[in-house]
Amino acid sequence: MSEFSFERRLRFADCDPSGIAYFPSYLNMLNGVVEDFWGDIGFPWPELIGSRKIGAPTVHLTCDFSRPSMFGDLLTFKLRIGKVGRASLHLAHVVSGADGTRWRAGQILAATSLENHHAIPWPDDIRGALERHLHADEGTQAVSS
Amino acid sequence: MSEFSFERRLRFADCDPSGIAYFPSYLNMLNGVVEDFWGDIGFPWPELIGSRKIGAPTVHLTCDFSRPSMFGDLLTFKLRIGKVGRASLHLAHVVSGADGTRWRAGQILAATSLENHHAIPWPDDIRGALERHLHADEGTQAVSS
Amino acid sequence: MSEFSFERRLRFADCDPSGIAYFPSYLNMLNGVVEDFWGDIGFPWPELIGSRKIGAPTVHLTCDFSRPSMFGDLLTFKLRIGKVGRASLHLAHVVSGADGTRWRAGQILAATSLENHHAIPWPDDIRGALERHLHADEGTQAVSS
Amino acid sequence: MSEFSFERRLRFADCDPSGIAYFPSYLNMLNGVVEDFWGDIGFPWPELIGSRKIGAPTVHLTCDFSRPSMFGDLLTFKLRIGKVGRASLHLAHVVSGADGTRWRAGQILAATSLENHHAIPWPDDIRGALERHLHADEGTQAVSS
C-alpha cells in the first residue's frame, strides 16, 4: 500500500470565533494523522519515543489552504511517502471535504536521538518499513509542488 | 517602523513528551504574534472580526525548523511585511533563541468577508496602515525563500 | 440507554514534558466526548449552535485525577446524565484505563441563547431527548459526590 | 505577599465558534498562571521538572464559570495559597474582567517524583517558599467553597 487515509470530524475545539478551522488546530490534526500512520506501519510513537528514544520532529512544512472548513465537516486526510532520506522522511498530505480539496501539505520529518536531539540515520527496521510504503513515481513531486 | 518584535516564553503547555516545542503550538504562538501585530498597527482583531466582519485567514504557510526549543526558552518573534496584495498580505517571520535562529516562516493571509468567507480587497484604511509598515526592499524575497 | 461510552487514545499532543496527560488536554478530550454525546442523542452541535443558535457552555466542573495516564494509553470515557434542570444539564464522567479509574468529573452545562449568552429553558425536543437518557436512580449523587 | 496577580488577554485561539472563551483554553491559561507563580516564588518549572525531576500535577479541580468572556477581553487572574500539605498545595483562583468575577477555581497540586509519578513530600526549600506566601486566614475556605 502506498497511500494512507484517515477520517477526522472537525470539532468545536478546532474552530475559531470566525467560524472556520483554526489553522494551528489543522496542524494538530495533521500531527495526529502522522502519529496514526507510524502506528499503521508498525512503529507506534509511544514505543518509538518512549522505549527506543527516537524522535521524528518536523523540520519543514509547506501548507496551502484553498477552501475553508466549517465546524462539523468530515475531512479525509490522505498521506503518501514522497521520499525516504538517510535521516529524513518526506510526506505529502491532501485533506478533502465534501466539495474537494481543502488543503495540502508537504512535510519533512527528521530522525533524531531524544538523548541530544541530533539527527541520526533511520534504523534498518524503520527504513525497511518506510521503503515498503514508498510511492516512488509521484511522491517527490507532490512534496515539492 | 518596518519590523515588529515580540517575546514569548516557551511554556509547559507548548512542549511535548519528547521535551521540545510541539510544532502546532509554535504555530499557535505565531498566530498570537500576528494578532498582536494587527493590534499594533491599529486594527485589533476583536474589532476587525467582531465589528467589521473582516477575517484574515492564513492561505499559505512555509516553515523551516532548524534548531529545537526547550521548555522555558525565551523566544523572539520578528515579523516583517513582505508584500501587500489587493486582497493578501505576505509576512516573513524569524524566531530566535539564545543561540540564534530557531525557525523561520513565510505566511500569506487573505482578506475575507466573514459573511461568506470569500476574498475581498483590503479596505483603504487597512491597506494604508499595512503599506506604511511595508519593508519594500527585502520583504518579498524573504517570504518566498 | 442511560450510559454512553467513548474510547480515546491518549495522543502525543495531549501529553506534557513530564510524560503524562496535560490536564487541560484531558478537558479538551472531555469536551469532544460531550460533543459526541449530543450527536448520539440526535442534536449534533454544528446544527444546535450553527442553525438553532443554542449553546451549552460549562458553568460548573469538578475533577478528581487519581492515576496518571501515559502517552499511548487507551481511555474509556463513560458519561451519564445526572439531572436535567429547566436550563441546565448535569453530567457525571468516569474515565478509565487498563488499571481502573484514572479520573472522574461532574459537569453542569447551561442552555444559552447565542444571541446574548443568557440562560434559556431547554426547548421541548431537546428536553425530551435528555430525559429519555436520564439515569434517575444514581445520577444526582454521582454528580455531587 | 500573599496574593499573586497576572493579566492575560483573551486571544483568538482561546475562543470558540460560539464566540466566547473555550473552557479547556481557560484551564490552559490557568496552568500558565500557575507556572508563572512557581517562577515568582523562586522555583521555575523548567528547573523543577527538568533538573530536579519534581512534578506538580493537578489532582483536584473545581471551577465555577459565572459570566462569559469575549474575544479580546483583558482578564486578571488572582491566585492565593489556601493550604500547604505534606505533599500537596491548595490554590484558590479568581478570574475577573471589566464587569467583575468571570470564574473561580479551587485547585490541588500534588508533589510527585517524575521517576515514577508517585507522591513525595515537598522538599524543605520548596515548602519554605510556599509557606512564606501562605494566606492563612482565608485560604482554606476559599479552596473548599
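Letters A, B, C and D name the chains as they come in the text, with residue numbers starting at 1 for each one.
The definition used in the following text is that contacts are C-beta pairs under 8 Å (C-beta built on N, C-alpha and C of every residue); 3 or more make two chains touch, one makes a residue touch a chain.
Every value quoted in this text rests on a predicted model; they were computed, and no experiment measured them.
Rotation relating chain A to chain B, from a C-alpha superposition: 180°, rounded in steps of 5. At the chain A-chain D interface, residue numbers used by both copies make up over half of all numbers present, so the two copies contact each other through mostly the same positions. Seen from the Cα centre of chain D, the chain whose own Cα centre is farthest off is A. Note: centroid distance chain C to chain D, computed from Cα atoms, is 23 Å. If you average the Cα atoms of chain A and of chain D, the two centres end up 35 Å apart. Distance between chain A and chain C, defined via averaged C-alpha coordinates, is recorded as 30 Å. Residues of chain C found to touch two or more other chains are 12-13, 17, 19, 22, 24, 28, 31, 49-50, 71.
Only residues 17-20, 22-25, 27-28, 30-31, 49-50, 55, 57-66, 68, 114, 117 of chain C touch chain D when the two sit together in their complex. Interface of chain D with chain A (complex): residues 12-13, 15-17, 19, 22, 24, 71. Of all residues in chain A, only 11-13, 28, 31-32, 35, 44-47, 49-50, 70-72 touch chain C in the complex they form.
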